[in-house]
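Structures follow.
One chain, chain A, appears in both complexes that follow, with chain B as partner in the first and chain C in the second.
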Partner chain A sequence: MTAVNDSDGVRLASTVVRRIFFYVLIGGGTAFFALPLLWLLSASFDDTPTYAVRVPRHFSLGSFAEIGRNPYALRSLLNSTVLAVATMAIVVTAAALAAYALSRARVPGRDALLYALLLLSSVVTGTAAMVPIFLLIFQLGLIDSNVGVVLVLSGGLLPAAIFLLKDFIDTIPRSYEESARVFGASPLQILRHIVVPVARPGLATIGVWTVVQVWGSFLTPFILLRDPDKQPAAVLVRTFYTEGGSPNLKLIAAFSLLYSIPVVLMYLLAWSRYGFRFHGGIKS
Partner chain B sequence: MAAITLTGLTKEFPGAVRALDALDLSIADGEFFALLGPSGCGKTTLLRTIAGLETPTAGTVRIGEREVTALTPGARDVAMVFQDYALFPHMTVLDNIAYPLRIRHEPRQARTARAESVGEHLGLRALMGRRPAELSGGQQQRVALARAVACRPSVFLFDEPLSNLDARLRLEARTFLKRLQRELGVTTVFVTHDQAEALALADRIAVMEAGQIRQLGTPREVFGRPANTFVANFIGSTPMNLLPAVVSGGALDLGGHALPAPTVLSTLDGGEKVTVGVRPEYVSLRRSATEGALPGSVSIVENLGTSSLVTVEVGDLLIGATVPEEDEPEAGSPVWLVPNPDRLLIYRAADGALVG
Partner chain C sequence: MVPAQPAVTAPPATLAEPAPASARQPAVAATPQSVGVDTSTPTDVAGLGRLRAVGFIAPALVLIGVFLVFPALWTLYIGATNFRLTGVAARTPDFVGLDNYRRALSDPSFYRSLWLTLLFVFGSAVIGQNGLGFVFAWGLRGARRWVRRTAESLVLLAWILPSSVVAFLWIALLERDDGTLNELLGRAPGVPWLVRYPMLGIIVFNIWRGTAFSMMLYSAALSAVPPSHLETARLAGSSTAQTLRDVVLPHIRRYALSNTLLITLWTFNDFSPFLLTAGGPNHGSETTPVYIYNTAIVGGQMGYSGAISLLVLLINLLLALVYLRAARTSRRLSGG
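And now, the complex of A and B:
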């Protein structure tokens, strides 16, 4: 009887210890990632922010007023929006058409092509390719133009977008389209009535992903845009220094907070509507 | 309403796979026609070629008075029900049924009215606002049927529409399907791998193997007189006994036992090798020695519900016989088998063709 109780006790103790260890580990990880976010929140509303995370001594909205006074700040957010929306439109449209064709047509060496594209795409927007890309855009006369930035960003994002969407469209049964064809639907009608609505969660995922990528991209717009009026938010943050040459923490914190809100909102919206699940239209 | 005529129809897929091999077939107006065969025999390819989803490598397809070989699926005036039903998941039942009419640019009111009346006729009235994911398998199957009915085609093409239903529901759906077809009188081509389904539903059956039709006939003909050993093997819920034998002196020599000879034997030479086919239902089992019976011992007894399938070892051969329920012999007990001589089918061993 006692033996049984003893072994039960040992098991309980070891479970408790394992639980404690687990929560400490999780807590440590959470704190590590939460600290910068907490700093962002507290420093934004602090009159005299430092690098420490603390409850604001003098609560103030002064940082946000300063953003309003900065000649470039609000404009840069608008620039970012323009770049993100334009790139998203191109990426989603082109990726949808390409992924649909690649999914449905018999192309020899299709998978090899897709993997090669995916591999190369990380090079295209990567640092290594910046000189040739700069020269290319220069020759095209698109330096200091949003069109150049949008084209380069779209080119970099398209392979991954096509890859993801093709996988998604592969899961849509062909019988949907064949059924519509037998009823006399034209290819464009099939695309409009069947494929796009069924693939909508996938398209939304790609759209949100593209916006987030463009929103956060620094190097491409930094190199291709000259005019400070055209700079997107990610590039502008770099210029927030005081006259003395030290980082303007008030401005950086408040601006970063504003800058991150749209992305968070988009994730929440897409997540609540589509749940980011990649699945086809049929019950499994 | 239209007849279907296929002439010299051949379909080759890349890699020299011949799914259809110079196939000729006429399906009468208003007929309920089954394409039956094991998977990979080309039956689905044949159906898809009639629909226009596959282009034949050679040959022609005629529906009614028109040659449709080069027409798109939508121009052929056919409606197809797919194995997975292919209901559009983002549309309600009503929109699904009305979709063919939407393609034809019928005014919204007219198509809603038609979809509602067809849906009601097929017992879907309470479900019109639901999405396909909210329906059971049987309901989805009915919506797919309703969608086909709503477009009032001259030909129905069904690709295994019952195979995704569970066994009990399949029997109900089978009866429903047959009644619907009788009522509408639309020419129907039906693909299935289930021989019982084909026998139960079809006016005529084409049994296919390797892109060719091995036998074409009414269910009675295909079941009663299979034209070759392939069909004999494929048709019937209990597998037919196919036993090697030799013609000797006007009788059959079956592993050393003489079988009473059907009259057809006179057309065969002595010593010719044949395959004797007899369904287990036509073999009677005796508990005592009988003149001309095959002696053996019971190996396995399988319960089929109202009857049992008894497998008997006769020398090296295994022969099946069915016995009524409550009359099963013990495993290992000696028995004597008497095949019904009128039901014996003789196939040439060389090519498996029926001789008599």
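And now, the complex of A and C:
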């Protein structure tokens, strides 16, 4: 009797110890993730921010006024928006058309094409293709042009977008389209009035995903845009120095916060609205 | 902040980089189901016809062809020339055959970049993200809802914020004069962490940056372990280590393989170390992506860096093929 109780006691104690161990581990891990992030909040509202995370000595919104004082800052957020929206329009349209045809029609070499797209999306990265892409855009005379950046980003994001959307369209029952066809709808009518409305969550996923990718993308605009008037926020934020040559912490903190908020909002929106599936590599 | 429980039912078969990383990230994503390429004959329900179908695919293929496939193939040619950004060789580059490859193979700075990349990939992805991702997934399994949500949200936030922003957050954290880390340690003349330990700095940074993916993957994988098996192990009095080895590992092995291959591929191509250290000090953290940038865009030696780019493309191709093979095998084994 007592033996059983003892071993129960030991087991209980070991469970408690294990619990505490895990909570310490998770607590420490969470602090590790929280610590760098806190600076974004603490420094943005401090009237004299330093590198250290601390409760603002004097709460102030003055850092946000710095954004208006920098000649390029607001402009760069606009540039980021233009790049993101233009790339999204191209990627969603081209990927939707291609994915629909690949899902529904007999396209010669379809399986090989899909396999090639899958490989392409991961093998030809921005890093590996930096040299030829720079030379290509240089020879096309598109350095310092938004068009060059949008085309390069679209080409890079399309394989994955097509792949994801084809997956999505494959799950849509074909009976809708069959019935529409029985009633005499043309292929384009079917696409516009049947497929697009049903596929809207998939299209929205790809749209949000594209915007987030472009919004944060650094390398491509960094090598293709030299003019600070044209640079998106991701590139411009690295140029925020004071006349003295040290980083302008007020500007960096407030601007980074402002620049990060849309990404967080888009994730929140996407999750609450569509409950995105966790799609392999895709952050959604 | 926290997404619904990810509905992963099998390892992702997608290859491309999801992370909001600095580089143009090809995000490969596809479920293994789709990797195995659907063999059912598509019925042309909308009456597209072959011609119109090709017309639908064409715009995407043209963009991919010009801005992705052509650059990749062009690398073959660029790497065999003495292409430079300025001077005579910029206008009329000469064909130099394998000279660039010979030079790379005898260039210590190229070997150094490969070695640093290996350290970076192994330390931050294979060990760091993999390990910490699993610890979070395992530790948060039975945690209270608010604990789980808070922890997951912070890990995810580190993943989704733009790389230029998170890079500066880490510069501030590790700054010598009044950086948070030195303040916490109470160092008066602080340690210039990124100058003294640049590799350690970018490795820890990348663990912080990318653990979310592994955490989500493992947390989905763990939800596929039958609770009854865990319960049986508990009643049989097995230790955590025994449970992990005998009950959990068999269920998550293929996820672990997929995860490792994917994060290796992404980390190998990651350009964010540049945002922290720009490869310095004195090339001390110049991983291959940063080395390519420094020789090509800064140094103007397009031919030479083209040759190195080709090597990166080949390594990527190898990793991607191994990944797809593994995804297909595990799909066959699971009867998917």
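One rule holds for everything that comes next: the second predicted complex is superposed on the first by the 253 of 284 C-alpha atoms of A that agree within 3 Å, B and C clash if a C-alpha of one lies under 4 Å from a C-alpha of the other, contacts with A are read in each partner's own complex, and residues count from 1 in each chain.
One rule holds for everything that comes next: a residue touches a chain if its C-beta (ideal position, glycine included) is under 8 Å from a C-beta of that chain, and two chains touch if they have at least 3 such contacts.
This one's a predicted model, so the numbers in the text were calculated from it and none came from an experiment.
Once both complexes are superposed on chain A, the partners chain B and chain C fit side by side without clashing. Once the two complexes are laid over each other on the shared chain, residue contacts for A:Gly207 go to neither chain B nor chain C.
With chain A as the common frame, chain A serves as the apex of an angle whose CA-centre rays point to chain B and chain C; its value is 90 degrees, to a multiple of 10. Between chain B and chain C, more residues of chain A are touched by C. Touch criterion met: A:Val182 reaches chain B, while chain C stays clear of it.
Using the contact criterion defined above for the overlaid structures, shared-chain residue A:Trp271 touches chain C, although it does not reach chain B.
Shared-chain residue A:Val198: touches chain B; no touch with chain C. For the three-chain overlay built from the shared chain A, the minimum Cα spacing from chain B to chain C equals 7 Å. The contact surfaces that chain B and chain C form on chain A in the two complexes overlap at residues 106, 178, 180-181, 281-283.
Across the complex, chain C meets chain A through its residues 1-4, 6-8, 12-31, 33-35, 37-39, 41-50, 52-54, 56-57, 59-61, 63-64, 66-72, 74-75, 78, 83, 132, 135-136, 139-140, 143, 147, 150-151, 154-166, 168-170, 172-173, 175, 177-180, 183, 208, 211, 213, 216-217, 220, 237, 240, 262, 265, 269-272, 275, 288-289, 292-293, 296-297, 302, 305-306, 309, 312-313, 316-317, 320-321, 323-324.
Per the touch definition, chain A reaches chain B in the complex via residues 106, 173, 175-176, 178-185, 189, 193-194, 197-198, 200, 281-283.
On the side of chain A, the complex with chain C involves touching residues 11, 18, 22, 25-26, 29-30, 32-37, 39-40, 43, 50-53, 90, 93-95, 97-98, 100-108, 110-111, 114-115, 117-136, 151-160, 162-164, 166-167, 170, 174, 177-178, 180-181, 187, 190-191, 195, 209, 212-213, 215-220, 222-223, 233-235, 237-238, 247, 252, 256, 259-260, 263-264, 267-268, 271, 275-283.
If you check the complex, the residues on chain B that touch chain A are 14, 51-53, 72-75, 78-80, 82-84, 86, 88-90, 99-100, 102-104, 133, 151, 157.
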